[in-house]
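Take a look at the structures listed below.
Consider the two complexes below, in which subunit A is the common component and subunit B and subunit C are the respective partners.
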Partner chain A sequence: MTALLRTRAARDVGVVLVAVFGVGSLAMALAHVSPLVGFGSLFDGAFGTPEEVAETLVQTTNLLFPALGIAIAFRAGLFNIGAEGQLMLGGFAAGWLGAQFPLPAYLAIPMVLIGGAIAGGAWGAIPGFLRAKLGANEVISTLMLNFVATLLTTYLVTGPLAQTGGGSQETGTLPKAAQIPDMMVDSRLTYAFVLALVLAAVLWWVLKRTVFGYELRAAGEAPEAARRAGIDLARTAFVAMTLSGAIAGIGGATIVAGVLHRFNTGLSPGYGFIAIAVALVGNLDPLWIVLASLGFGMLQSGGVAMQAEAGVPREVVSLVTGLVIVALAGRRAIANRRTT
Partner chain B sequence: MRRAFGPVLAVDGVDLELLPGEIHALVGENGAGKSTLAAIAYGAIAPDEGSIAASGSVGLVHQHFKLIERLRVWENVLLNREPRRGWSIDVAAARERVRGLAARYGLEVDPDARVETLPIGIKQRVELLRELDREPTVLLLDEPTAALAPSEIASFFATVTDLAKRGTAILVVTHKLAEVIAYSQRVTVMRHGRVVARSLTAETDAGAIARAMVGGELPALASRLETQPRALLEVRGLSARSGTSVLRDATFDVRAGEIVGVAGIEGNGQTALADALAAIVPFSGELRFDGALLRADDTPADRLARGIRVIPQDRRHEALVLDWTVRDNVALGRQRTLPLAKFGEAAREVIERFDVRPPNADAIAGMLSGGNQQKIVVGRMLADAPRLVVAYQPTRGIDIGAAALVQSRLIEARNAGAGVLLISFELDEIFACADRVLVIANGRFAGAFARAEIDRGRIGALMAGHTA
Partner chain C sequence: MNGTALAIAALVMLTLVKATPLIYAALGGVLSERSGIVNIGLEGIMIAGAFASVVVSGATGNPVLGALAGVAAGALLAAVLAFVATRLAVDQIVAGTGLNIAALAGAGFGLVVVYGQPGASREVPALGATGSNVLIVLAFVAAAALQLALARTPWGLHVRACGEDPSAAESAGIDALRTRFWAVVAGGAIASLGGVYLSLAELDLYSDGMTAGRGFIALAAVIFGRWTPLGATGAALFFGFFAALQFTLQRAGVPSELLQALPYLAALVALAGFAGRVRAPAADGVPYVRS
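And then the complex of A and B:
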């Protein structure tokens, strides 16, 4: 099942490059901008100065968490399209807890991250439970829960759990102790970046070297053989979805505690969706996903400069991201047809 | 004809000639290049060297059916050639065309049945009908009877012989020598990509063909040692259902140190029996293993923990992760007890004991031949001294050498004190291995025979559903 989505990463690089540069160039040409100028400003905007590199890494971090969560679910054969909602819930829990309970840093930061993990995990556990107990299709349930997450957090932050009053769609500001420390002055880059890298390495190890990872991969690749080998498919689905949501939830918590320093209902410009492309480009392998996140992080941060300096609409980045998904899915469909 | 895959020369300088009106058998061990040659003749693979000349069209029936499970029979048969009425498909005409085709060739099938609901034997008919609708002048059949019951095999070859009489040239790729002798006019034997023998079937015999296939004498089965059978599995009034397979009120014992054969035609409750023992489906009745009652809500893991190993019928979907290495596949089912560091060692043991080719723990399971895949499955099931082995069609679709090896290892497991329940559609396999034979028909056990009392005729009659 997951074999459909995983092929040799190296061969996909060509597809991605064609989608990004080929179609990107075409779109820029249509906007009457020379692709050289357009991509030049994109790269310059992403890597031109140390501050811009830092901003690229911020975007990398914000994509890396949900992409890792998505990869865990996909490797278990579960198409978790709900990372966006899981990230929202994680962000809300972090923001509310952080603002509500002033604690010293060594307690506040773990509280914020763990709170985010629990909230995101719970949001992933719901479709996981529905899948495990009732066989409900997780694509539908995770997708729908994205909308519920937006509405629920909006309701909570303006209603029963409002901290700022006046119907503001934000929580209170996190005290300094609950904020993830910066890695670099004059930037938004925090140690969340390091945490994401460590998490990628840990997940690589879990998938590759633990019984849990072995069973998760077996359940994803060959569910019938896995079931007969004594692997509890329902339990695996539930645990994988919960873990997947928890990782996305930590991502939301790091955006709140590292970048915004408060929860805001508009905290994500669609990280949870872009991360699907990131996970696929990264071949669902945590280490490749780090590289893929860097690539998409560059597009995110450079896109702003491209719009400002070269006059290319930022939407070109969304266009290219969507095309990468379509191109990879198409290429895999073709590869799959050839091999069977 | 010459064709290489990487460094492997799959087909090496082969000439083959098919004549209209003739059934030509192409035989050889796993990996001898038979299927590759058939694929080249069909045009699915381009040869590196050589050429093909055919008058008319070529049809190919695959070993692994290429049917769309969710579509109906007529939709599969007429795929891409549907009769039209303007913009839409003329369903009535399509149904009629399939019905006529089925009647003409004696391949009865309901045009409106969904393929996923059909037993394997009927799926094969659908596959054959699809090719026949194109009226091929050359028909290639790749292991066509691998999944068929004895009676189905006879009727299948009656159809094929009839086709040949109408002037079709037929190539049957197979490893079943009884069929070669019974139904073909000419036979070509391949080994390691080369033709090693050609003859008129009338001028040769199964022994000579088999020796040419393996390049020497046939592998003998392991000998059955004296054992002291004692109670192990007691089945009382067992009923279960798995998909369309239904088992009713089965009562029998399997003792430690014996092989009990379950003879029957496919689709008579065998799947329900195997799945109930594996805890894939719940059961009613009483299952007693080693004195203790087995629970109907056991999980497969519970049965594994008791030392019960069920070798499933469909190795590709039910036993292997095809994209994984041999090493990781050998550990499947033992992942909780076998430390990761021991995976390699366990794989090497299976590779050595079962002569897996290539002898490489890093090889991808899906790239191995069916026989070698099966060796991995059987190897891991027998690896940690199982108490009870349920082998459901353990040599399905694999060659003589691999089959003899699998059967020998099952006999050795019996010698070592395991109870073995051998569920097979191939009577020869059961007669070769079993200490006792049970006959299953219509989901019920219909008779029992000790090894000394085996009576082919009576067992055949019971299998066909006649009461003794």
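And then the complex of A and C:
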């Protein structure tokens, strides 16, 4: 069995490499760019200077939070494709609270992070509740709630909770005390990166070593057996979706409090969706997800340089990401997704 | 005609224009899901239809050829989903999500390769008013035909059987994998007409993100319409009506975000069972693996 799993894992790595380098090269050739030049500028753009490494780690951080959230839901047998919306809500809560209530740093930073976790968690709790109490398919509800989240935050930030005038799609600027401190000068890298790594380690431990983690995995891997063993499936579904949303919400809060220093309705270029690929490539294991988010973070930050320097459209990165998701849709880990 | 009658006629026409792409995409979704394959990739299929039809219409100068190419592209993308969902028995939601991302990026990439610019294509020969009207009428014909075909033909029975219980269907001599495959491909062909309508009837070009989530609104219409062609068409008309009313209601003080959120909220309400019992096909989304 382990040998079989190892073979499958090796095959999956092969599939990802083919998707990234094969399709990437083909697309570059279509754009009349030598793949060597294209990938060269991508790697150089991602790792060429300390500042570029820092930006790669910023993108890694932004992907790591939602990917960890998605993995928690997936391990419980629930497909949360609402990370994007949960991240938006978390970001909005952080931006609004941070700009609204000037507090000293030791209160302001916990406030924006916890505010983000609560807002994202609430957005995850809705499909969790619909699933646990009413049996509503969480895939469709999380998908629909993504759109509602974008519209709701746009409405709030331009309407009732506006902090800046003129229909601006931004909150006010966060005071210095509410901003997550930088790890490196001349970069956008903050201690949110460390927080993400710590969270990954904690989640790994929770999944592996705690009763809660065991129940979560049991509910995901063998729901019927878990139910017979007395695990409350409805409760685990609700808790897993709430936790999943809260983690994505913290991610949104760190983008706001660390990178942008304000909430903006365009804060995410689709991190919540790219994170699905990250979670799958990371085999839904928090530690491997760290590595996977570094890989996709590299594609995100290097893609900019690839477009600017080699003239390869950035869309190649998204194209490859989408194909990786398709290629990994057959993973064993998600074969047991609860469907009723 | 007096002013009111004119205003009503304009509203009806605008409703039809807004609803038509949704109807095509929703019909494609219904056909796919009744066979047991959840098609989250409707958005990507619309994008493929919209983009390919513009490229071919521009290259040949013939918008009808363009429309056919759009249908072919949509069917091809659906065939990818159908293949991985039936032969490889992968998770349909995950695969569909990936296809959407890839299709949007692929079209954005294609814009640069074909037109040498990001953002939008140049203007190409379009279907015009006649072509637009034909597509509107055809949407309703397709809805009625699909309703009849699903309910009354042996093929429709096979499709529904595969959506409810594929292994029972196979015991009865139906090839469930093949039936599902072709239902998804045919659904993709229908849904792609929604994209063709956007790019070659409503407009005469492709621009990045022009489908603007309509594939997901169509998914909402499938659910709100209880997985039947006529129900989904009704839901699409309902959503189209509010889209058409958007400017009027906005002037009356209704937040535009609320109106835009309506389809998604309606689907959530339907899913939660607040609007009566909603039941998806029993084997919808469940990969079928022969034992």
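Just so it is clear, the second predicted complex is superposed on the first by the 318 of 340 C-alpha atoms of A that agree within 3 Å, B and C clash if a C-alpha of one lies under 4 Å from a C-alpha of the other, contacts with A are read in each partner's own complex, and residues count from 1 in each chain.
Criterion: a residue touches a chain if its C-beta (ideal position, glycine included) is under 8 Å from a C-beta of that chain, and two chains touch if they have at least 3 such contacts.
Given the structure is predicted, the values throughout are model-derived calculations rather than measurements.
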Mind checking the superposed model to see whether subunit B and subunit C fit together on subunit A or clash? clash
Mind working out whether A:319 is in touch with subunit B, subunit C, both or neither, as first, second, both or neither? second
Figure out whether A:144 sits in contact with subunit B (first) or subunit C (second), or with both, or with neither. second
Considering only the touch criterion stated at the top, classify A:209 as touching first (subunit B), second (subunit C), both, or neither. first
According to the stated criteria, A:31 is in contact with first (subunit B), second (subunit C), both, or neither; which is it? second
Going by the contact rule set out at the top, does A:222 touch subunit B (first), subunit C (second), both, or neither? first
Which partner chains sit in contact with A:294 here, subunit B, subunit C, both or neither? Use first/second/both/neither. neither
Dominant toucher of subunit A (residue count), subunit B or subunit C: C
Partner chain in contact with A:152 - subunit B first, subunit C second, else both or neither: second
Applying the stated clash rule to the superposed structures, which of 74-82, 146-154, 182-190 or 452-460 from subunit B runs into subunit C? 74-82
Considering only the contact definition stated at the top, list the common interface residues of subunit A for subunit B and subunit C. none
Enumerate the contact residues on subunit C facing subunit A in the complex. 38, 40, 80, 84, 88-95, 97-106, 108-109, 112-113, 118, 213, 216, 219-220, 223, 255, 257-258, 260-261, 264-265, 267-268, 271-273, 280, 285-287
Show which residues of subunit A lie in contact with subunit B when the two form their complex. 3, 209-211, 214-215, 217-218, 221-222, 224-232
Quick check: in the complex, which residue numbers of subunit A touch subunit C? 27, 30-31, 79, 81, 130, 134-137, 139-141, 143-145, 147-148, 151-152, 154-155, 159, 270, 273-274, 276-277, 280, 313, 315-319, 321-330, 334-335, 337, 339
For the subunit B and subunit A complex, residues of the former touching the latter: 278, 280, 299-301, 304-305, 310, 312, 317-324, 328, 331-333, 335-336, 340
